[in-house]
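Each of the next two complexes has chain A plus one more chain, namely chain B in the first and chain C in the second.
Up next is the complex of A and B:
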């Protein structure tokens, strides 16, 4: 009952605001929606403290229950979703001030929370899929929130369709698992797989198919193209859906299914490869962006890549740990961007910013905390979780060193672009017109809380011999992977190396974009990076447009086909005349005549 | 009770045709009464009541008037009575005769679902055709003649073949009557069984429809009366999947086994091809026709998988799509009323002026796209689970259509509602609120609590799978 309430409260908020929101005056819808999300958070907390819960409707579909499950993993994730969700709801009360769609916005946000919690609390894959598609719909509605602008509407559709490609993978993966085990309940599958000596054929394929779903939802290469466009939505949406929660659903899916992936070394290797590729692609693309939100968006793609790298190498708890720290600092970065955009009346080009430190002192601190945490500045949240991922790759038996070097290189790039973002927005001289003004408290206070998280959340899980609260807490819900213990000296040596890399990157980013004249080769790189390496162009040319052409071709073929029948009909009429004497006397001829007579009668009636 | 339910609409239909002055009131009253009876009967079936009845019509020939509501029949019956009521509620500006003809069709459809005797089934199956043809012929659009001829020829050709098949099934199989249970006990095998099965197959493939016998469908919808009433009834009349489930496959399991790989391929190609073709359409009704065609391909895939869960999915899909496809045609009728055209013109930007209509349209489109939580999903998902067991490859091909569905569904939706506002139009009127609310409630209920229906469908589906020698 508790579990269904966690989902139902925001869902009722959605229904109420959707139907009657228009009659409420401005802050009311926001307060209602925030309160409901807050209560959901408290309910999750209560569930976690009371040791978990489960709930189900038996035979929701034949042999498939509708089951919800609150265990350590879903409880942890649920706290992140509703907690960060609550803060962003509150922030949005200020951000959406004066928008005509104010109540509609909060209706959608509440719908998102309900669906995300369905996804998180799911005890079986079909239920997870309900949430999975539901958050996709919420994302569609919120990206296209300002739908009168064609670009926004197009971005919304692009996100939904790209996600559907992934969803097909998810669907087929479920079909395969159901075919092999006759169940889609996660605990049942877990015990079936753990209990079998010989795993069924095709299990790798099932793992791969589920991963395709994760690739779509979490914007990994090659399905990453929708996320940058998703920035068309209002900034709180970017923070909540496209940074902190929904896009991490893919990571959550793999972690939830760790009992499966821990047996699939080939698929896990692919996951790690996709992860590091995405991490590099996102970081390289983030470097050249001029839009304040797009830098953060590509950074999200890159950070999600790190999380997949982590699950790929079997470091499940670290991936989930990074989900949490990332949720803090990335939500903070987006909301700080939102405050900047808000104060500049919608300006998003960082070339027209600069020097905002002076005008927006509070937001400046938020931006700084977010950027440093992202960059992996020593002792901040992002430092601990990212370092844990990079270090874990060294334990990976299949090319771990390669992953380590690549991960560390991307970390250097991360520090550079994080500093570029901060320096171009807040340092130097203000290059825009108008007078920036600091945001109201309803926006800055949530950011204060997020900033505290971005700075201190890493302290929950520190390397040996210090304390680690996250790993043992999550352990019962995740597959256990034996790792070769590193010596403390080596581990702390690597941590120091990470710290040095981050500091060097921060310095490079600061110096290169505020002091140095950039070399010529960098200009070329800048162009490519700004266009995100032309992936959209390639996709449109090679896939999207040919498919559109194909639809037209199919329609045309259908018409040809249609005419073919008519031709056949007229020729058989001639044939029938020649041969009619052969069959005279048979019942079916009379039947045919009857039918034909009816037609003639009707035609006559119509033409008359 | 079962007879009253089947023939009540017929009575009201003739009433309306003979006294057309009060067509709307009488029609609504008749269909509402039928709906109530349908709900009571459905409740009865749920609680285990047996409505079976049989009496000989022609004793020597072995023809019976035998009717019953089994679980599958009851679920589809409920869909028919709800959809008919919804359509009559929505179509407030149609010629009186259309109301009467719709009620006649409703009777025929209920008979098709209830019949337990093959010849009786055939009579209902054919009788329903007449009002359908009349509606298209008398009240259709400019191209109705061509559409009518195509529809008539395909349907009649199929029917005649099926009649031959029916006679063969009984006399060559040696069954003492046309009763379903007798025919099942005297299954016709061998070469004759193949031919008889093929004859049934053609008839039901026309009525599913499936590629390559689908060509009548887009014209049928595009040319029918713009209100959408005839389209709803036409959608209900697409009983091919039910015919395959109740008659064709169980009567000829051996022949089906030989045809199965080809049938799976046909179903999958229909599902994918139609979905992709839908994307290229420039008119609402054609788009909906191809979209519905694609769904029927998925349903057929579930039936042809021969599995219980696949067949359940197909029946569920059939019932669900009767409501959401029907509602979409009525929705299109509303567009016709507003703009005088059904063309999918870009940049209508209607959501600003008509937010309620935008919400209704979104829910209907998403049901069609198969979004979980709405009625389109459970059927599609069960089909997936079933057909995967029969053929992973064709399942993959068919379900590529779900990507296309998102593309054509959302593109059409956004063309109408998003982008910069164009010519303004009125938001939902009272009538639209009424039928729209009904449609949305049914769509939500079926999506959130499919259990109510699947538990009724499953026993029949299990028997079906057992007859075909299939698994779960």
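Up next is the complex of A and C:
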């Protein structure tokens, strides 16, 4: 009962706000939506504290129950989703102030929370798929929230269609699993796979197809193109859906299926490769962006890449740990960006910012905390989780050192672009027009909470010999992976190394973008990076435009087919027009025609 | 026998002429009544000629029907008169093809 309430409350909010939201005065829809999400958070917390729960409808589909499951993994993820979701709901009350679609916005947000919780709490893949599609729909609706601008509507469609490719993978993967095991319930599959000595054929393919779903949802190479465009939506949406929660659903899916992937070394290797490639691509693209939100968006792609690297090398709990710390600092970065955009009346170009430290003292602190946590500044949340990922790659038997070096290099880039973001927005001289003003308390207070998380959340899981609360907590829900223990000296040496890398990156970023004149090769790189290495152009040329041409061709064929029917329709119309004079409208004429008809019939009858 | 039918046909023709030639709805109505009653006359004549009562029964039904028809028809005429201050049928030509 508890579990279904967690989902139903926000869904109820969606239905109510969607139907009657227009009659409510401005802050009310926001307060209602926030309260429902808050209650959901408390329910999840209650469920977690009471040790988990499960709930199901038997025979929802023939042979497939509708099952919900709250165990350690889904409870942990649910707390992140509803907790961060609640803060962002509150923030949005301030951010969306005065918008025409105020209540519509909160209806969509509540819908998103309901669907995301369905995804997280799902005890079987079909239920997860409902949530999976639902969050995709919510994402589509919210990216295109200001749908009167064509660019926004296009971005929404692009996100939806790109996700569709991944969803097909998910669906086919499910079908293969069902074909092999005859069940789609996650606990049953887990015991089936753990209990079988010989894994069925095609399991690798099933794993790979599920991973394709994750690639679409989590914007990994090669399906990453939709995420930067998704920034067309309002900033709270970018923070909630396109940074903190929805895009991590792919990581969650892999971690949920860890019992499967731990047996699929080949697929895991591909996941790790895709992860590190995405991390590098995101970091390189983030360096050259000029839009305050796009920098953060590419950094999200990059950080998601890290998470996939972690699940690829079998460090499942670290990936989930990084999901949480990332949710804190990335939501904080987005909301701080939103606060900046709000104060500059919609300006998003960082070349017209600078020196905002003086005008937005509170937001400056938030931005600094977020950027340092992202950069991996020692002792902050992002440092611990990212360092744990990079260190874990060394334990990976297939080319672990290569992954380690690549991961560390990307960490350096991360520090540089995080500092670039902070330095260009908050330091230096203000270059824009208009007078920036600090945001209201309803926006800064949630950021305070997120900033605390971004600074301290890492303390939940520290390397040995210090305490680690996350790993033992998540262990029952994840697959067990044998880890070769490192010596403490080596481990702390590596931690020091990544701290030094982060500090060097931060210094480089600070110096390069405030003091130095940039060399010529960097200008070339800047252009490439700004265009995200022309991936969009390549996709448009190779895939999108040929498809459009095909559509034009099919339309033409369609017209040929239709022409026959159109001719039929127009000829009967012509006939009707010719005969319409009979309907003169005079009773007398009708009477005369009737009499005439009668006479004709009589004459015919008599003469016959 | 044939005289009855001749009279009936004559009455019917007069009625038809009235329907086609008159301009006010009331008079058209009266003409329609004439046509109905010419049919009644023919039915009664046939009944007598064939020796059973079927035709007379039919005529009674027609009379009852005509009463109902008059009630509806006059109602329409009154409604038309109220809205247009006239009962000239040629004014009512809005449903033109």
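A few points about this structure:
FYI, the second predicted complex is superposed on the first by the 551 of 608 C-alpha atoms of A that agree within 3 Å, B and C clash if a C-alpha of one lies under 4 Å from a C-alpha of the other, contacts with A are read in each partner's own complex, and residues count from 1 in each chain.
Operating definition for what follows: a residue touches a chain if its C-beta (ideal position, glycine included) is under 8 Å from a C-beta of that chain, and two chains touch if they have at least 3 such contacts.
Keep in mind that what you see is a predicted model, and the values were worked out from it rather than measured.
Considering which of chain B and chain C touches more of chain A, the answer is B. In the superposition on chain A, A:560 makes contact with neither chain B nor chain C.
With both structures placed on the common chain, the touch criterion links A:167 to chain B but leaves chain C unconnected.
Taken together, the two complexes place residues 588, 591-592, 595 of chain A in contact with chain B and also with chain C. Of all the residues in chain B, the ones that touch chain A in their complex are 130, 133-134, 137-138, 140, 144-145, 148-150, 152-153, 156, 159-160, 163-164, 212, 215, 218, 273, 276-281, 308-309, 312, 347, 349, 351-352, 359, 366, 371-373, 377-378, 381-382, 384-385, 388-389, 392, 395-396, 399-400, 402-403, 406-407, 410-411, 414, 417-421, 449-451, 454-455, 458, 472. Touching chain B in their complex are the following residues of chain A: 18, 57, 59-63, 126, 129-130, 132-134, 137, 140, 144, 147-150, 153, 156-157, 160-161, 164-165, 167-168, 171-172, 174-176, 178-179, 182, 547-548, 550-552, 554-555, 558, 561-562, 565, 569, 588, 591-592, 595, 598-599, 602-603, 605-607.
Across the interface of their complex, chain A is touched by residues 16, 19-20, 28, 89-90, 92-97 of chain C. Those residues of chain A lying in contact with chain C across their complex are 579-588, 591-592, 595.
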